[in-house]
Amino acid sequence: MNVSTILIILLIGAFATYFSGDKLASKVALLFSLAALGCSVVLLNNYNAGVNISVICNWITQPKIAFALNADGLGLAMVLLTLALTPIIIFSSFGNEYKNAKSFYGLILFMAFAMTGTFLAADGLLYYIFWELALIPIYFIALIWGNGDADERRKAVVKFFIYTLAGSLFMLTAFIYLSQKANGSFLIEDLYKLELSSCEQFWIFLAFFFAYAIKIPIIPFHTWQANVYQKAPTVGTMLLSGIMLKMGLYSVIRWQLPIAPLAAKEYLYIFIGLGIAGVIYGSIVALRQKDLKKLLAYSSLAHVGLIAAGSYTLTLDGLRGAVLQMIAHGFVVVGLFYAAEVIFRRFETRNISELGGIRTQAPKFTSMFLILVLASVALPGTFNFVGEFTVLYSLSQINIWFAILGGTTIILGAYYMLRMFQHVMLGETNSKTFADVTLNEGISFAVIIAVLLFFGFYSKPITDLITPSLETILNVINKN
Amino acid sequence: MEMDTNLALLLVLTPFLGFLINVFFGKSLGKTVSGTIGTLAVAISFIVTLLLFNQITTTGKAIEVTLFDWIQISNLKINLGFLLDQLSVLWLLFVTGIGSLIHLYSISYMHDDENLHKFFSYLNLFVFFMITLVIGSNLLVLFIGWEGVGLCSYLLIGFWHKNQDYNDAAKKAFIMNRIGDLGLLIGMFIIGSMFSTLDYATLKTAIAGASNLNLPLLSLAALCLFIGACGKSAQIPLYTWLPDAMAGPTPVSALIHAATMVTAGIFMVTRLNFVFDLAPDVQTVIAVIGAITSLVAATIGLVQNDIKKVLAYSTVSQLGLMFLALGFGAYEVAVFHVITHAFFKACLFLGSGSVIHGLHGEQDMRKMGGLRKAMPITFWTMLISSLAISGVPFFSGFFSKDEILLTAFHHSIPLYVVGSVASIMTAFYMFRLMFLTFFKEFRGTEEQKHHLHESGALITFPLMILAILATFGGLISLPGNSWLNEYLAPLFTKVAGEEQHLGTTEYTLMGVAVLGGLLGILIAYIKYFKQNNVPESDENITGLTKVLYNKYYVDEIYDAIFVRSVNGLSVFFRDYIETGLSTLVFGLGKITDELAFQGKKIQTGSIGLYLFVFVLGLCAIVSYIFLAQ
Amino acid sequence: MDNILNQIGIENYIFLSVVLFCIGIFGVLYRRNAIIVFMSIEIMLNAVNLLFVAFSTYHQDAQGQVFVFFSMAVAAAEVAVGLAILVSIFRNLGSISIDNLKNLKG
Amino acid sequence: MIHIPDLAHATTVQVIFCFLAFITIATAFMTIFSRNPIHSAIYLVICFFSIAGHYLLLNAQFLAIVHIIVYSGAIMILFLFTIMLMNLNERHQVHRPRITRLGAIVSFCLILIVLIAIFINSKPIVGGYDSTGEDFQSIKVLGKILLNEYMVPFEFASILLLVAMIGTVLLSKKEKLK
């Protein structure tokens, strides 16, 4: 058994869901996603026991593309994140009715398939294929099942699609150039071994940067984000913010930094600065958003800015903190968007000014929402704190000002999140009735919160899982 | 060791268990049971603390407990571990002790609130975090508690969450604290990178053993840590949240915003005394800020009419005095004042709570008066505490405050003067409060008058205990023969020897301080008892009083400078930069579109032209391939 | 058997083909009558075919001729379809001047 | 370089080549310049025949015959039929703008110069036309090659023709007016 099993399960799941019909689709999808999760856990055990679970075989001979899936700690951690979030996301959608549900759930599984592939691929072109494949389902999900005015939505979604696609083209160019240098091989090990001049590295780095900066997004390439998050159905938003953003961040660590380390070192300050600018900018913009989902989108922008800054420090702490924070943010942002969805199900609005006074009617929901909000502002004891602390620490090792400026997130973050919480949940009892969470909703929240709290106090399993692979990557970065 | 671990866990986890029970089953258990569970949880912690205290005093050795790795950073390994030494156990004693009393008090005080179980769960959670803060073996565990108590403070200030003003106050407290937290974090980063540890014990050895320390950097770290302390302990410039925090229920004000949480800053500075000792410049800053805070808060306290606001500013002022002592390196003096302050300030708050409870929520002193007869126990306990805080001899506050002023006098005369003035003002406004509340005629409505009564036993019992403690608490550190100094001695590197001898100067200073206190009381007596003045209503306040009454407009200034600018920036970013960037991206699309539109015109549809161009292109390509080499 | 190219020279065939090909191009450009354009295309095709055969002889290899054979097949198909299209156009438009065919106009 | 046969000492083959070449080029030109499409078609037939003559000269008899059958026979008949079907004559000719003619002439000269320049520039190895003596272009040999080596393309050619036939029929069928 190796990692391709997960991909196969997900792909079969996608088709099975599609053919199972509208009524059964959601359950079938949940079943397959859980199966994939179970499979990945088994694989994780095997990996920890030292069994080789990677795959490499030739796929296309001319040009030389290998079907290479490399499962190291980092990849597995991201796969686990994807596969743990997918069932939660699917389960969270149980309260909604979707037209043409079979396609909807099929697309979700297909997207999980593509994203898992991205995290595992160890061949440049295979990786690129998965990377682009992941874009297609979300395009349809956002376009067909999204909300709001159809024209506006189309505009936002098409912009997102073309923008990310255009960015990825730079990456493709970089890969083709790299494979020319590596005698036609796209394999990641061969690319790692390349010794490029600093000029070449600069351009390669920049090409990767365009792809990733748009995907992550780093300011000023973020303009697609808030609109798409707002227009997409919540499931789509969760997939986008919970997992897809992490594809960009993961790729920075996996592909960009080791392949062009000289450029990364030379322009360290600029890229960390961009990340931190994102933190401050995102936090400030989030302050005065009127739409709940948009606010969360900008908070996402701020958080991923910090993660990106951590990755670009090129230190073990920075990378480790970034990965931890990626996972933590994945969970917390899914939870928060879900909370927004729960509110929307009852009130049919996400406009913050129209909400308020929910706490008296729904104490359970309020507590859960509050815990998520607190996790999002990185209260110690939550997983996010572990990540944020590590990242900020690594920034402080580069330059104390980075830590101070990046640290403003804990002030501004608290400000906009609590402000939002106050206006959405507190205040005079709302005139509209708000039923407390249902069992289904409660389970989704409870799982997310349990994960956040557990790893908040005991992040060692994840740290131990990712550290060896991050060290390997750092060795590649520092080989000169 | 096993035993110690279990004890430590019992100590920490009992309140947490209480929290869990109250969260999940509180509503179905009923109010009394819920309150009892909450109180019991803290009481058990108190008993455990007593055991530990006994152990520490007999063996004199600190107990260290390591649970597991928490965060791994390349050069730092942070454990989740506890350190139970003299300082933390001392702190625990009054945290859990006063905590238990306040829990007991709350059962009665909050009995009419439908969310009583929630209140108790928050209180228990607070105690849990406070214990974590105190017994953490390294800075990061302290930080868990540090932020945790901030969270509980947020929850409890906003306990009556239907009122958005209260929610604003809660939010403000949390955010102000977070500003300090950032400083604390940065301080931790610097210390972590300098010494590769955040563990107190290791850090102490590392600093003691270090040969060439980067002192400027260490000072910077100390300054950052002090900013953290400023946030939590409400010092200038981060003090404005504390008076607003009075929006919470009164027991909360007593527990969190007077006795325990706000002293966390002092705890942290005392904990890291070996760091601050190496940064004399920062110590000066601390002393100056402490003195200024104490004076500014005292002046504001002079004219406040809300009974809890007076106490809040008094707290800020007293905390300022403690920092004054810390700034001079007199940690044990500060700790002493923390303890006595905890006693009498908790008592005062609880007493004010009793008054408010008796008047069904009225907090304005202008509408009180003459409560002495209706609420005798409340009156007497509050009187004792007021005497203590005013520094009247032989009450606890006298000893601790006197030691602070004495220390100040030895180091810096101007700061001594500032501190003394603040003390005189303290005596004045405390007795202003007493006279306005308990003497003369009742100024409230007839209906309130009708319902005036002494509070129940559950409320008066804690008051009495605290009053006793406020009276005799000073005995733990008598001048010249201080049990406290000896107890805390293992913690400090410097030997606090200079206060030991009592000379003429000292006695003179004591006399001056006593006279000052009495002077303050006398002025209050003349103004509010003899002349029977009642503060004017809000509209008629003018001149300097108005400035003081409005707290020097600090809130407004902060609002204008920070809040408004950030919000304005946010709107600017949202409306201009965001749309601008968006237009830019769409602009790329539009350019492409326009190019396509222009390019379309080349496609005339005339095949002849196409062919002509085609042939030309063919010529060009062919001649390039074959002829150009 | 004697190689005929000994007497004529491959370059003469090349020049003949080139001229023929250019005449084809000229015809395509010069005439607007679709049928004549077609004929010009046939001339171009034949120029190439001729060259193929000449080179086939030059190399003494039948491959060139085989290719010509296929190109004839394609040409036949092309003409058949092309003329059918022309007929259809003529039927609809009443003219076969290529100036009328401007559907490609952007 | 262009080797102009010395007409005085020309061999028969050379004379025939010159003659055929002249006819080929001349008729090709006439095809284009004739105003009447039917004349064009007839000139084209002559042109094709002369090309068939070239094939014969190169000893490719089979190809020559196929050429005559396909081009002069089938294709030209098609052309003639089409022309007659459309009933085109000189009156249909549109007046050609001067610019078009100029463009055509320019392209003609340009491409001619470029191509000739290429051939001169690339210096073909002239001379040494060795004859292996093997038979490589008789019907027998061609047939073997076609049906062995090129069998698949050969079969595909038949499919192509079939498809072309069906397409032609479909295209030229009159659509029923609804």
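Letters are used for the chains, namely A, B, C and D, taken in the order the chains are written, and counting of residues starts over at 1 for each.
In this section, contacts are C-beta pairs under 8 Å (C-beta built on N, C-alpha and C of every residue); 3 or more make two chains touch, one makes a residue touch a chain.
The structure displayed is predicted, hence computed values, not measured ones.
K.L.:
Between B-D and A-B, which chain pair is linked by the larger number of C-beta contacts?
P.N.:
More C-beta contacts join the chains of A-B.
K.L.:
What's the distance between the Cα centroids of chain A and chain C, rounded to whole Å?
P.N.:
Whole-Å distance between the two chain centres: 60.
K.L.:
Measure off the straight-line distance from the CA centroid of chain B to the CA centroid of chain D, and report it in whole Å.
P.N.:
99
K.L.:
Could you give the separation in Å between the centres of chain A and chain B, each centre being the mean of its C-alpha atoms?
P.N.:
Here the centre of chain B sits 37 Å away from the centre of chain A.
K.L.:
How many angstrom lie between the CA centroids of chain A and chain D, rounded to a whole number?
P.N.:
Roughly 65 Å separates the two chain centres.
K.L.:
Please output the residue numbers of chain C that touch at least 2 other chains, ranges allowed.
P.N.:
As it turns out, chain C has residues touching two or more other chains at 25, 29, 32, 99.
K.L.:
Listing for chain A: what residues touch at least two other chains?
P.N.:
none
K.L.:
Where in chain B do residues touch at least two different other chains?
P.N.:
Residues 608, 612, 615 of chain B touch two or more partner chains.
K.L.:
Would you please name all pairs of chains that touch?
P.N.:
The list of touching pairs comes to A-B, B-C, B-D, C-D.
K.L.:
Could you list, by residue number, the parts of chain A that touch chain B in their complex?
P.N.:
159, 162-163, 220, 222-224, 226-227, 281, 284-289, 315-317, 320, 357, 359-360, 363, 367, 374, 379-381, 386, 389-390, 392-394, 396-397, 400, 403-404, 407-408, 410-412, 414-415, 418-419, 422, 426-429, 457-460, 463, 467
K.L.:
Which positions of chain C touch chain D when the two form their complex?
P.N.:
Within the complex, chain C touches chain D at residues 1-16, 18-27, 29-33, 35-36, 38-40, 42-43, 46, 49-50, 53-54, 56-58, 60-63, 65-66, 68-70, 72-81, 83-88, 90-91, 95-97, 99.
K.L.:
Where on chain B does chain D make contact in their complex?
P.N.:
Per the stated touch rule, the residues are 608, 612, 615-616, 618-619, 622-623, 626-627.
K.L.:
Give every residue of chain C touching chain B within the complex, in rising order.
P.N.:
Where chain C meets chain B, its residues are 25, 28-29, 32, 98-99, 101-106.
K.L.:
Once bound in the complex, which stretches of chain B touch chain C?
P.N.:
Listed in rising order, the residues of chain B that touch chain C are 599-608, 610-612, 615.
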